[in-house]
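Two complexes, one shared chain (chain A), two partners (chain B, chain C).
Up next, the complex of A and B:
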């Protein structure tokens, strides 16, 4: 049976909480197929120090090493027993087939990496856009994969379970330029958003939580420029931020949360500075100019009032 | 020697020129398709090969002028120069076109702006002048993004830029300008720059 070891760096435990919500397969189903050697929230028999010792003595083999949380070597900020999380990674890095960064902190550094009093906080292989994470850019695990990033704040449980199931079955997982599995992260929250019609006709929401309107222009939605399948693989099978009327804040991206105001679309002279992925600003402006002119009457009223 | 056949596009340009002249002189409603055909020495039937109606012609003229000016502003937009220099170039270009093809500007002022009902369908909003508006949006956005122009809403900035140009042409049309509009170009550009620039 393949084995999995889960460690936590600087983290809020959110990805673990998210994983507990996994369905199809459920959390316990996954760990019937994989032996969970250690997880800080579930293990009670042996502590991590003992397990690391056994790994060093080759009494335990690790197939999957999952890292949740950002990495620092500064023990004043994070310590597990006598180890810093960086030391643990150093010891285990060549002893795992796959290293998976679970969540945005482990992937890109996220909120912990913005802490001004410790600049030595990073993701496992990236720090935001730079490949200046804890491992060097060319680092690869025994299987030939770099650190596989499953970002998100938190990650969706299905993103994790799908990836690990694929790897378990020996399938090839294609990664994008930020080492995220393409199968999942080639989509945008914009794909499948129930507000697409409003986006097309440039009918904008003015308030959070309303069913009507697109959240792009006035409320800062990052759906058209974020890689995540949030409207394809729904949260709790039911909803997503944009479905509920909350703009996407781009939590799966390398540059999260560096943006200044999450609920504002940065504009110059009233024109959005960034436009949806794949179109030029010229094309975007032309199309929106036309779309605004051609008013769609159905979209101008509340949905309850339409026939 | 065989007569060189004019292309359809060239022919369309001539029609636009003649139509603009007549529309500006006699007004949109008082000008008929036969009048335009006569002005061109063309048969009415032949003219209909190019435009199915007076209204279609009227809208086409707007699209044509918008494309003409839009293409020129696009070239300026793509130059690697400061926002201030771009304003100087846009203003100059506008008056150059006005000098070369005065009928287009006359048409804009005396037909497009005064007979809005003709353009209500298919030419509403910015539909017929999209190229110019798009290029000016790109220009203003970039200027503000680079911090060279003051942040503000698009529309006030847009009219601050275009308003003076229209005003100058209007004065010329009223025959009260002692000099040609292009000779005021730099002064006007300076005013526009000062009005829009970041402090």
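Up next, the complex of A and C:
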């Protein structure tokens, strides 16, 4: 049976908590197919020190090494026993078939990497947009893949289970330019958002607390500029931020959370500074102009009042 | 000569080290070491206040929602202190309580089945416990199923769990339909079913009227709580792990608990009486210090100069619940009683959630915009909230909507912080006297250890 070892750097444990919510397969179903050698939250007999020793002595083989949390080599700010997470990665990096960065912290550094008093915090292979993570840019595991990033703050459990399942079955996983599985991250939260019709007809929410209206123009929604299938594979299999009425904050992107004013849309003379992916500013202005003149009456009233 | 041994604890949220000083086969002194630090308070400085709604839930993957609520309340309080009245619709208050209740239930289920019960597998090898084995055990799996099901309620209103920022100053972002509410109610009902059958072995409302241990043991069928109680007795955990017998709760929740502090008698809670002491923390008034006697990233917290336990047990005591007042008379604040209070809260909150969902009026507002742009607001704000593990306090100072200073005091800081010159932290005190390492770890776990919150 293939094996999986899970380690945590600077993290909030949100990715582990998220993974427990997995459905199809459920958390415990994945681990009937893969042997979990160690996870800090679930292992009750093993400890990491002895596991590492056994790996070094080649008594244990690691197929999947999963990293949750950002990496630092500064032991003052992070320690697992006597090791830093950087030291553990150094020991294990050539002994795993695949290394998976679970969540935005391990992928790109995320919030811990913005801590001003330790500039040595990074993702496993990236630090935000730069390939300046803990491993060198050309690092590959023995399977030929670089570190596979499954970002998201937290990651959706299905993104993880589906990636693992595909790799277990020997399928090829295509990665995008930030090493994210393409077939998951080629979607935008905008795709499948229940407010998309409002976006098309330029009916914009002015404030929170309504089912109606798109959150793009006034409330900072990043749905059209973020790579993530949040409205295709729903959260907790039931909803998504934008469906509930919260703007997407772009938590799967390399630059999360560097932006400020998450609930505002930065504009220049009334035009959003960033427009939907694949559209030029000029096209955006033209389309919105036209849409506004061709009013969709259904979208002008509360949903309860529509015919 | 006392012997000193250091252990790294897993099966906690994050990582905690425990330094135990042994003498004559008993723990003579215990140091709880929280070695990891991300520096959220520093990260927040200079950021727009509303961005704290996005950053702060990420302090903790298991109780991030409580951090969101505390942040929202701190910003709302900032408005109020600036002389601007904030209207929070009743619907929004109800939804915030519903989602917070769901998060707490999720935590207690996961904590009991995934973190606490496996300890007993280390204490005894009995076939009866096979169901509790991590990943393989039937009970362990059921706990995953139902803890993941209850957070769907948060997703209905907030889009997802973990990590949403759907609660904002002035209300919540959602506008649910009647059918969203009936779906939420059905989820609660299904978890009630699980709780009745597996956890309590009796009808939830009957359980809530139980007032003594004898009565519970007599009335309930075979249940996990019963098993837990018997195992505690078998391993002398019913009387082990006593701390200060002082309890603190900072926030009310209708049908569930009331705020207050209980020393000998119950009194009102005043936030002005809370002080942090950094003599043993790496984090000090003037930056970082790694002096030899310092041993944790957490600070010590005191109320009126004294250490207090904050936890579901504190909530039970401050709401004067008969069952727990009776349990304390006999066992005081022991391992068993502290854990029982966590389990008890599952019933209490499920019951409350049903009432709250019932009270929502979909045709009324869920959000009323604050009376001014946050960019015009300067001053201070405090947000108080009860999280799974106990009392959570957020304090912020802002100037024209920009955060100048942010301070977070988590439940784990209260319970698992380091000592001060005069007192050990509640958990350190409770571990003293333990007669084996596993029991020392178990007593620590009865405080629901979360290292990521402890240091944040």
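Everything that follows uses one rule, which is that the second predicted complex is superposed on the first by the 306 of 307 C-alpha atoms of A that agree within 3 Å, B and C clash if a C-alpha of one lies under 4 Å from a C-alpha of the other, contacts with A are read in each partner's own complex, and residues count from 1 in each chain.
Here is the rule we use: contacts are C-beta pairs under 8 Å (C-beta built on N, C-alpha and C of every residue); 3 or more make two chains touch, one makes a residue touch a chain.
Note that this is a predicted model, so its numbers are computed, not measured.
Peer 1: So, on chain A, is it clash or fit between chain B and chain C?
Peer 2: In the superposition, chain B and chain C stay clear of each other.
Peer 1: More chain A residues touched by chain B or by chain C?
Peer 2: Comparing touch counts on chain A for chain B and chain C gives C.
Peer 1: Check the residue A:257 against both partner chains and state whether it touches chain B (first), chain C (second), both, or neither.
Peer 2: Once the two structures are laid over each other on A, A:257 reaches chain C alone.
Peer 1: Angle at the Cα centre of chain A spanned by the Cα centres of chain C and chain B: state it in steps of 10 degrees.
Peer 2: The vertex angle at chain A equals 120 degrees.
Peer 1: Who does A:273 touch here: chain B (first), chain C (second), both, or neither?
Peer 2: A:273 sits against chain B, while chain C stays out of touch.
Peer 1: In the superposed arrangement, which partner chain does A:240 touch: chain B (first), chain C (second), both, or neither?
Peer 2: It touches chain C, and chain B stays clear.
Peer 1: Just chain B (first), just chain C (second), both, or neither: which does A:43 touch?
Peer 2: In the superposition, A:43 touches chain C alone.
Peer 1: So after superposition, what is the minimum Cα distance from chain B to chain C, given in Å?
Peer 2: Minimum C-alpha separation, chain B to chain C, in the superposed model is 16 Å.
Peer 1: Going by the contact rule set out above, which residues of chain B touch chain A in the complex?
Peer 2: Listed in rising order, the residues are 124-127, 130-131, 133-134, 137-138, 140-145, 149, 151-155, 157.
Peer 1: Which part of chain A faces chain C closely enough to touch in the complex?
Peer 2: 8, 10-18, 20-23, 26-28, 31, 36, 40-45, 47-49, 76-81, 110-112, 114-118, 153-154, 207-211, 235-246, 249, 251, 257, 260-263
Peer 1: Could you please specify the touching residues of chain C with respect to chain A in the complex?
Peer 2: Touching chain A: residues 8, 10-15, 17, 35-40, 42-43, 47-48, 50-51, 53-55, 58-62, 64, 110, 114-115, 118-119, 121-122, 134-136, 140-141, 144-145, 147-148, 151-152, 154-166, 168, 170-175, 177, 282, 288, 290, 365-369, 452 of chain C.
Peer 1: For the complex, which residues does chain A have touching chain B?
Peer 2: On the chain A side, the touching residues are 268-271, 273, 281-282, 285-286, 289-290, 292-293.
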